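Letters A, B and C mark the chains as written, and numbering starts fresh at 1 in each.
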Amino acid sequence: MPLVRISLRSGKSRAYRHAVGDGIHHALVDVIGIPPKDRFQIIAEHGDENRIYDRDYLDVARSDDTVFVEISLRRGRPAALKQAFYRRVVENLAADPGIRPEDVAIVLTENSDADWSFGKGEAQLLGADAPPIRTAVPA
Amino acid sequence: MPLVRISLRSGKSRAYRHAVGDGIHHALVDVIGIPPKDRFQIIAEHGDENRIYDRDYLDVARSDDTVFVEISLRRGRPAALKQAFYRRVVENLAADPGIRPEDVAIVLTENSDADWSFGKGEAQLLGADAPPIRTAVPA
Amino acid sequence: MPLVRISLRSGKSRAYRHAVGDGIHHALVDVIGIPPKDRFQIIAEHGDENRIYDRDYLDVARSDDTVFVEISLRRGRPAALKQAFYRRVVENLAADPGIRPEDVAIVLTENSDADWSFGKGEAQLLGADAPPIRTAVPA
């Protein structure tokens, strides 16, 4: 698993929230190369008073609908793969549910194989069946 | 401190939520070896629409009651100690409040001694009184 | 961006919550040296049942109003700078909104330049315009 935390504006429809989750997950599968079933996402809704952010830092014109995406994942993906992932996420979310590319902020935090338990008290990524980590950007 | 974030299904009783906190804390104390008073836990409740996860990835049959546990802690525990910790957490939560072992997902994120302030503006783990980090699995 | 997560007691006024955000941000700017516009904060409110923590661990006398501050930021600040930052945060929050220094707990998690996208699908910190990382404590 990557574990994905999505923090978005309160009041969005279920379809909107799930489209955000879908778009991020498809980018993780298609670009980062995680297994399609490796989906673990938590969505939190926050009122505008509780989401405080600059509206143009680094020349990005952010609106009230900015979504924050925090992803914990295993160490080892190269910078070029992460860049390709960011591009894909904003493409996917622009297509559905129609989020402006400026309104998608993403932060990654890396950890180790021993740092994951997917259930049953096991550390599955230490086993022989752990999925490999893609290191090349897909064509 | 480890800082423990527990994300669980909305609508659980106070007793259930506290039993989850207790079971995780006791595993941290008994296996990881943190001091008994080193307890810092934040529980967040999420509706089913906002917890999206696969129901059988890595051959773990998850139910609607899956609990996500995210723990920030100091770097240095070996993989075997983490594995023993995961086993103890699911044992504890199976005993009380009665959570299926398949329904406990755990993610660790490590940081450094300088990355903690427990209050008063101090970096307590840089001091001589910082608790040691256990590196052997307890018998 | 650092990304700042503030977890505090439910029921505080908007002015209180924003003062917490302001005090943390000013400490980040003045001590850590981030650009003034580099502000990204998410505030979460939790009832007392969902914030479980020891009341005197490490000789810090915590009250019901303890605030947890989790900050993701780029790797590279030395320990002395982090210590100066913790001191400044508690000074700022004591001044406004009047939080006891004992009631401010801070945890940092570091990551890499490639781990940030501030919008538009770009990895801005990999570019030539990325802000430098301060390594000396300001006078």
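Couple of notes before you dig in:
By our rule, contacts are C-beta pairs under 8 Å (C-beta built on N, C-alpha and C of every residue); 3 or more make two chains touch, one makes a residue touch a chain.
Model, not experiment: these values are computed from the prediction.
Residues touching across the subunit B-subunit C interface largely differ between the two copies, under half of the numbers being common to both. In this entry, subunit A maps onto subunit B through a rotation of 120 degrees when their C-alpha atoms are superposed, rounded to the nearest 5.
Subunit C has its Cα centroid 22 Å from the Cα centroid of subunit B. Within subunit A, contacts with two or more other chains are made by residues 44, 109.
On subunit B, the positions that touch subunit C within their shared complex are 1, 3, 14, 17-18, 21, 35, 37-45, 72, 109, 111-124, 126, 129. On the subunit A side of its complex with subunit C, the touching residues are 7, 44, 46, 49-54, 56-58, 60, 62, 66, 68, 70, 78-79, 82-83, 86-91, 101-110.
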